[in-house]
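We just call them A, B, C and D in the order they show up, numbering each chain from 1.
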Amino acid sequence: MDAKEIIARRVAQEITSGMLVNLGIGLPSLVANYVPSGRGVFFQAENGVIGLGARPPEGMQDPHLTDAGGGFVTAVPGAASIDSAMSFGIIRGGHLDMTVLGGLQVDEQGQLANWKVPGKMVPGMGGAMDLVTGAKRVVVAMQHAAKGESKIVPRCTLPLTSLRPVNLIVTDLAVLRFENGGLALVERAPGVSVEDVLAATTARLAVPDVVPEMAL
Amino acid sequence: MDAKEIIARRVAQEITSGMLVNLGIGLPSLVANYVPSGRGVFFQAENGVIGLGARPPEGMQDPHLTDAGGGFVTAVPGAASIDSAMSFGIIRGGHLDMTVLGGLQVDEQGQLANWKVPGKMVPGMGGAMDLVTGAKRVVVAMQHAAKGESKIVPRCTLPLTSLRPVNLIVTDLAVLRFENGGLALVERAPGVSVEDVLAATTARLAVPDVVPEMAL
Amino acid sequence: MKRAIRCDVAAAMIPDGATVLIGGFMGVGTPERLVDALVARKARDLCIVANDTAKAGRGIGKLITAGCVSRLVVSHIGLNPETQAKMIAGEIAVELVPQGTLVERIRAGGVGLGGILTPTGLGTEAQEGKQVIETPQGRFLLELPIRGDFALLAAYQADYAGNLTYSLTAQNFNPIMALAATTVIAEPEAIMPIGAIPPDGVKTPGVLVDHVIERAA
Amino acid sequence: MKRAIRCDVAAAMIPDGATVLIGGFMGVGTPERLVDALVARKARDLCIVANDTAKAGRGIGKLITAGCVSRLVVSHIGLNPETQAKMIAGEIAVELVPQGTLVERIRAGGVGLGGILTPTGLGTEAQEGKQVIETPQGRFLLELPIRGDFALLAAYQADYAGNLTYSLTAQNFNPIMALAATTVIAEPEAIMPIGAIPPDGVKTPGVLVDHVIERAA
């Protein structure tokens, strides 16, 4: 199982029956592959559909039905088309049960940075600021480190996405929860020790006596 | 021709090809009867339709298609259903070419009072405040006097509907325009003299040398 | 997925004292069977947010007559003399809100805005107690969001995913109120199998709807 | 009633320096033929308000490549490296706006609101230069309305009254932009006789639309 699959499988476990969930483009979009069907989960694509389905078979694409990354998708039975005002009304208005986003940094305050590297990369925030501010639950799905540097840091050095702390961080090494005003280590990835996680993390983590391995 | 018909016929002359027009309940709603068809005029009912048509024949009413007064109406070809947010978005957003409303008082500042008589009658403003504030052109259609008292007054004593001055007042005696910061007498009703109008009006009116009779 | 429920079951969920948004314009687009169920269960002390109170014997007018209501946030009560009488007698507290402001306040509550700036009501009695905000485009009233404990909607069609459609002028406040309450209950005229309402035909996505009322007998 | 017009006629209406709202999300729901006509007439110095700039060779990306744009108000440019390069080179001034804020600012411009209060962006770079308003519910950013000289919309169907429908995720910003420009031009895939789109099927009422582009040859 590679790093991405570990993360996607673990995030999928957070999704329970009947939820409305927004998956960001890239790694987060893989999560849908590991959510059992028949659970009545609806996925929102913020570009305008509730009830996002799988990629269509070749020859059955519709140029009017894409996800936020521009890729062809399908719509499940019971899907609804929405315009951008309704889409972000749902997001900002607290109707979205969970959002899963990628991240550049998360810090001890639980705050996320994921839209800009000053002087290097300015993709823009797109819907991320609304998603992190408005969703009932915010899950960050990302690699634990980039180029050998911890992405879980004492204080974000990159521009923040929102003041609102995220709820959960799932990486290839660990699951971290933001609680009681700080980050706590909740689970470790298969074959990864608590010491491995701490060594790869510059942020201070609360570590309970027992840290179970992810059950994937 | 009774007073109401005079007013309705004269107001109808203000409506030109291709306009979007909102007619208030009561007297203003009669105006539609005198607008020639085939002029591409669309009437809005603020409760939710653009393209209001005539009353339906007995036996062809639809309980889902009414005007703002709750009466059965029809929809013309090309009509559109709208929700209340869109309806008032159109009104407040400056997309409405003309609104025709009833009035209790209009004053020398051109300001209208039409939603409350303190201690006596508090129907509420309904859509009137939005209509007077947002429509491109505001026309008041009302009797010139009530119980022998002028409704065209120096200063409204009743609560205002909007700070925004109305454009035109059409009564059973006269047509008045708000221009250059005051009210001007523009036309008189058939058989009514300038002196008759002035005698029935407590507000100061600018009177040009020639005041033509309404051409009904 | 929503299993359709009975009106009395829905009415029993709504406690006395609740703030309830109810769709409709002069009774058109009002969930009449839900209103009847509230009257039948003798609901008391409700705060009703709606465009108007219709007239005696119709829609919200029935709640007024039955003494279910202690507070109203509405744009118009002119066609229901009973509402006016109860207001003057001090039995019902009435907050009058311009219609366009009312729908935007409910929308703001539903879409997570902290408020909206409107020119409507500036310099009138509607300004009382409100903050005036100056922007480069002029002066505006700051109007605050409205949310309900419940929203009671009249829909045309529902499906068992909770998706709703509306018909003509019966939609009015319903699709906006669908966004703005903790619990949203829809009373449709017909209930369709999931998939029978095409995605482009849905006006209120089912994820916003908590309960669908079963068809009339 | 609208007589359908040609794309080049529409493009000729849009002067250099105009502020133009353009529908679409990564090119889906963007009026592609109108974009081509603007490129063909060598439009210059446009201020484009849109969700994104798609990618090179598609939708608004073509306007970027052709040098038609001097200013952008968008939420995302990450998938068009050319836009990023021109921004860094100082050829295009870019205002980045959170997507939900962008659509509400356009809506505010369209429906006559003086602004909206949003929690989005509070305490981030998106707050820069903005008023923070305190209400009983907390602190919010005051976001001001956006309007365009023109709005260019991609629609699915139009009728000759200008009524529009949209399809699936191709609607996105289009119905909101239809409210917010002095001149609104719609490029539909099909044009129907008046009456062929039922009132409940209309998403953008024809009274908001100034011009309809003729069908593709």
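Keep in mind that, in the parts below, a contact is a pair of C-beta atoms (placed from the backbone, for glycine too) under 8 Å apart; a residue touches a chain by one contact, two chains touch by 3 or more.
Source: prediction; values computed, not measured.
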Notebook entry, point to check: Along the shortest chain of touching chains, how many steps lie between chain A and chain B?
Noted result: 2
Notebook entry, point to check: When every step has to jump to a touching chain, what is the lowest number of steps that links chain B to chain D?
Noted result: 1
Checklist line | Centroid-based (C-alpha) most distant chain relative to chain D | finding: B
Checklist line | Whole-Å separation of chain centres (CA-atom averages), chain A against chain D | finding: 29
Next item on the list: Give, as an integer number of Å, the spacing between the C-alpha centres of chain D and chain C.
Entry: 32
Checklist line | chain A-chain C separation of Cα centroids, rounded to whole Å | finding: 35
Note to self: Two-or-more-chain contact residues of chain B, please, as numbers and ranges.
What the structure shows: 49, 75, 81-82, 85, 88-89, 91-92, 134
Notebook entry, point to check: At which residue positions does chain C touch at least two other chains?
Noted result: 104, 107, 111-113, 118-119, 166-168, 199-200
Checklist line | Full enumeration of touching chain pairs | finding: A-C, A-D, B-C, B-D, C-D
Notebook entry, point to check: Which chain B residues qualify as touching chain C in the complex?
Noted result: 45-49, 62-70, 75, 81-85, 88-89, 91-92, 116, 121-130, 133-134, 159-163
Check: Which part of chain D faces chain B closely enough to touch in the complex?
Finding: 1, 107, 110-113, 159-161, 163, 179-180, 194-195, 199-200, 202, 205-208
Notebook entry, point to check: Of all residues in chain C, which touch chain B in the complex?
Noted result: 25-29, 51-52, 55, 74-79, 84, 87, 94, 96, 98-101, 103-104, 107, 118-126, 156, 166-176, 203
Note to self: Using the touch definition from the top, list the residues of chain B that touch chain D in their complex.
What the structure shows: 18, 20, 40, 42, 49-51, 75, 77-82, 85-86, 88-95, 134
Notebook entry, point to check: For chain C, which residues are in contact with chain D within the complex?
Noted result: 104, 108, 111-119, 131, 133, 135-138, 140, 142, 144-145, 165-168, 199-201
